[in-house]
Amino acid sequence: MAAVHSRAARAARASLVGIVSSSAASSARAADLLGFESAYPSAEVLLADATIDVVHIVTPNATHFDLALAALREGKHVVCEKPLTTSTAHAALLTEAAEEAGVTATVPFVYRFHPMVREARARVAAGEAGSLLSIQGSYLQDWLLAASDDNWRVDGALGGASRAFADIGSHLCDLVEFVTGDRIARLQSVTRTVFDERSSRPVTTEDLAAVLFTTRAGAVGTLLVSQVAPGRKNRLHVEFHGSEESIAFDQENPEVLWIGRQTGSQLLTRQPGLSADAERLAVLPPGHPLGYQDAFSAFVADTYAAIGGESRDGLPTFEDGLRAVTLTDAVLESARTSTWIDIEGTNP
Amino acid sequence: MAAVHSRAARAARASLVGIVSSSAASSARAADLLGFESAYPSAEVLLADATIDVVHIVTPNATHFDLALAALREGKHVVCEKPLTTSTAHAALLTEAAEEAGVTATVPFVYRFHPMVREARARVAAGEAGSLLSIQGSYLQDWLLAASDDNWRVDGALGGASRAFADIGSHLCDLVEFVTGDRIARLQSVTRTVFDERSSRPVTTEDLAAVLFTTRAGAVGTLLVSQVAPGRKNRLHVEFHGSEESIAFDQENPEVLWIGRQTGSQLLTRQPGLSADAERLAVLPPGHPLGYQDAFSAFVADTYAAIGGESRDGLPTFEDGLRAVTLTDAVLESARTSTWIDIEGTNP
Amino acid sequence: MAAVHSRAARAARASLVGIVSSSAASSARAADLLGFESAYPSAEVLLADATIDVVHIVTPNATHFDLALAALREGKHVVCEKPLTTSTAHAALLTEAAEEAGVTATVPFVYRFHPMVREARARVAAGEAGSLLSIQGSYLQDWLLAASDDNWRVDGALGGASRAFADIGSHLCDLVEFVTGDRIARLQSVTRTVFDERSSRPVTTEDLAAVLFTTRAGAVGTLLVSQVAPGRKNRLHVEFHGSEESIAFDQENPEVLWIGRQTGSQLLTRQPGLSADAERLAVLPPGHPLGYQDAFSAFVADTYAAIGGESRDGLPTFEDGLRAVTLTDAVLESARTSTWIDIEGTNP
Amino acid sequence: MAAVHSRAARAARASLVGIVSSSAASSARAADLLGFESAYPSAEVLLADATIDVVHIVTPNATHFDLALAALREGKHVVCEKPLTTSTAHAALLTEAAEEAGVTATVPFVYRFHPMVREARARVAAGEAGSLLSIQGSYLQDWLLAASDDNWRVDGALGGASRAFADIGSHLCDLVEFVTGDRIARLQSVTRTVFDERSSRPVTTEDLAAVLFTTRAGAVGTLLVSQVAPGRKNRLHVEFHGSEESIAFDQENPEVLWIGRQTGSQLLTRQPGLSADAERLAVLPPGHPLGYQDAFSAFVADTYAAIGGESRDGLPTFEDGLRAVTLTDAVLESARTSTWIDIEGTNP
């Protein structure tokens, strides 16, 4: 992810001052590979550098809390990878700390930065979709399908108690709530760990999760999140059914919405005449596909704009990161207890 | 549906001896329109006609039980529309009665009769998909979207306590269990009725249902069933994720399966070299789309073959109709009680 | 094809009186398999049977002329497979003979009978698409891809001088002209025969043809027709670009049109509110796919309705069959001479 | 296009030294908007700046020749937008001049830089597709659909004698020849200009062109190029039929190839295990869509790598730009004369 962050920072015309990785050698390699001016000996030294305005935290999940807190205490603006932390309590502390520090602190829920996601959100907000009735969402990958597929994320000590849901389910929930403006109110879930161990290491984190939920506004929905779905590489797909129209979005084909109406359906591609928010993010002409890096770069550009004092609509902050951690915890608790979990509101 | 049944019967070279509808006039009109030899004054008279071998019951749900029981008692073979009955007890009685009568008694779960559904089932049975991990299913329609959309099915007295799930969720569950050979073991559901009344008549039956479930074999899954999903006409879509491959099927485009593997995905269209069961149903060359009526006609042809003493694999019987009613009852009960419901096995 | 014709005839409630095939044995087998009342010893005997109203000719192309002429002379109504004949002169003679006989004489350009094709035609006729600017059409199959793939159609003596274009290009041209109401005015073509021999038999007929054309109304277009296009089973695809909207149709997915407009695109599925002509052919509810047999059955039903004295819009007659043969001849001639060929009008 | 070029240059870690536009004011605005260090008073001054290594020419077509020649004479490396020039003679002169100067001179045929395009090319080169039989290509846009749609490209004096074909047909031909390694040998075309004038200015350049062609290796094909195809934004679509497999690519969905085989079809998404050339360009994990800017940035990065002395396979040079101009001239000449035009080879 460091490559993606650094490309976005460069595109936003930042100076890439310095980088720290797990060792001096790897820091040096990363600085060279990604084009940073220098490699720092430690996070402490980097954070002490007063010329640095913004810190991007792209480390294993369990380290986010300490690093982000230290950065905030140094008065740095922070971009921290999701999941923000591996516990709700820590996420709440960071959210508070960011507020106290008065800095910009964001989490890369970057799917928000596809123009057609903004268009979907604008349609819902304008009432074109009517009142929300049902939602079907899924986020499916297959990179951990085999027992031999392994990664630090699989290790609960590094990645946290939740894996699939914390890692990608959080994106899915964020997208559902971002587009609808509604909030998941209660949920019931089942999780499954397919392999007890990977690379001779015990695995306690879930490979997949299925969720049933209702929203504050009364919609009902289902979510399926899996890192063991053969043939699905990064398939985040959501379909919203309103009382007037349905809207479907697929992250792997992000330049089009399917808009369903009783009287006919539309394939709404990115084109002139969309909502102002979508137009703003449409930095290429119609038919010239925007991709993942473009969305990521737009997120970083908006973060930097916020640092510069400009308010940009739809910026995912630590509060949104906290929300995702809260929902992830609820998914685990429901799976453990086989009961409905009410979600306490973090944001309105 | 009478037109669909009569076309299928004629295609199977049956003699369309007689028909009864709700009145003498409508019976006469139906006989004329559909090409029956005669209109009968009543179901009793029709059932008393010894020249009639098979009776198709295509009446409002609440009347199925009495009619089917009467037909079975006359020793007729019976094709009864789904839901077989509006209560599990009645469905069980009919299933027993059919067995005692020693006749063929089937329910038109016709999606089983698409060659590509058979192909999916054959792949799972042969172990090509590996062990089943997760399932995402939906059956979405929009013909009851507006408060002004109405139909006898909306009326619980005619259609039964469940509407959306009994009517189309039953198809979805049948397909999931038919393809996987697995059984839904436990479920948790939420239902929603959007309009309290339609055409000034109170509505108590659900417009949509969302279901979380686990199977006997340990797969987890979600279902979304709705008759108020704008732009979706008859969208039955299922995606199965096995440990080796995923399989997706869409009833609105029934001549193709998406087969996902970690190493690549396939669009498997109907073509030479499929499983024997798929080949048997492929009555047109590849690229010449088979549709809904073709599936229905194949169902009726197999029913008649069974009557003639030939065993045909995959015929949906009253036992399968009972299974669907059992699952529908569980969905309603879970929604009412907010608890997990264990499904008692009807068939192994 | 005999199975397809007989299913359609039975669906139209015809009595399947008799059948003749290439030998007494094969006639008997066919009668048994397809459910005809009897097998006739010869075409002559069959044609002499005054109880027979309609004859379907489903024999190798080179035999169409003699059989159809004999049938017309007996005053039979005729359904003759395409290509109507293997020469323009013969097709013209048949067309005349049918007119003189005052009978109904049709050719199964059955793709006309998909409701969405009628919808496309109605949109063009109503001016919704504006004036036609360009057309891209293709009809691609792969059943003759390998040198070992063989069939009587490959033999020029049985199938005629043209194979791919006569067999499937004719469908494509008919569809283009049927939907647009326009006529191909000039064309330039290239053909290719991939294998000099198949099954040790010399092959002189083309495996593929590419065509450049202009229409009377001034549209320009391209066609690609191939029986050696790997992975394409029966892919007839046309896209029309009018000055107001584009319309695309794919025979393998016949229940939807893509409608393109500068301001947005639509996936127009079969649904309520289509043109009267489309609605008439929509014998199943939306979302219940109509397929190839349904289109074929509608063609036969309309042919029989015409025999019964009812005029049905869009019936493909021998005149349309002649048109297709004329275009096929032009394609061969252009390929031979590398020049533009002007098409003489057969129908206005 | 200047924004796209400048983003790509920045991503490649170039210093954006200076920019010149049509006036001092617009140069200053562009420098500010795009983040250049300074605005230059004229092209001459800019070209005289010895600190500048590479010049990107992104001006109206008719100015390319003079600017590129001047830049080459100053020993600059040049990236020049397509069409390279508005006449074959000029393009040949530039190609020679670049060779003499010993610099890197490239034309942004950027669709070459999609990983899946490289994968298609690798499959053809490795013989997996067999020998090429037929090709169907199209490049369709709608931004000039209305008479009121206007642009400098419409003006022959600025844009050259060809518009649609020079602008986008050139991309299509480049892609066809790049993927197949084959060359268009002869062609026949028809062009059409829909509006005689736009914004009260006479229009002589074509809005659409249809082309029939054969290749040196004996494949036959069709091309349709239009800027007046409603609903198509930037639809470059090609389908190649080899004797073993078909390959289809769609620029608007560039992360997937359709691979057709007689025994089944594949949707080959970007994933591990592709050809080395495709892997090299796959800078994001599977399922994270690469888009137009990513392809453009890869083109610029490879251009800069070549400048730095590294040879990168598949770089589109002025020779390729010349080839495109040659084909465009042939299209205009064939349309004018209604004859087949033989293409003289520019590159082998």
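Order of writing sets the chain letters: A, B, C and D. Residues in each chain are counted from 1.
FYI, contacts are C-beta pairs under 8 Å (C-beta built on N, C-alpha and C of every residue); 3 or more make two chains touch, one makes a residue touch a chain.
Here is each chain with its UniProt name: A, B, C, D = Gfo/Idh/MocA family oxidoreductase.
Keep in mind it's a predicted model, so treat the numbers as computed, not measured.
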With centres defined as the mean of Cα atoms, the chain at greatest distance from chain A is chain C
Comparing C-D with B-C, the one with more C-beta contacts is C-D
Rounded to the nearest Å, the gap between Cα centres of chain B and chain C is 35
Taking each chain's mean CA coordinate, chain A and chain C are separated, in whole Å, by 53
So, in whole Å, the Cα centroid of chain C is separated from that of chain D by 40
Shared-interface residues of chain B (touching two or more other chains) are 143, 232, 258, 264-265, 269, 271
Residue set of chain B touching chain C in the complex reads 3-4, 7, 10-11, 13, 35, 141, 143, 232-235, 251-255, 269-271, 283-294
Chain D contacts chain B in the complex at 258, 263-269, 271, 273
Seen from chain B, its contact residues with chain A in the complex are 133-134, 136, 138, 140, 142-143, 145-146, 188-192, 194, 207-208, 210-212, 214, 218, 220-224, 226, 228-232, 241-246, 258-262, 264-265, 338, 340
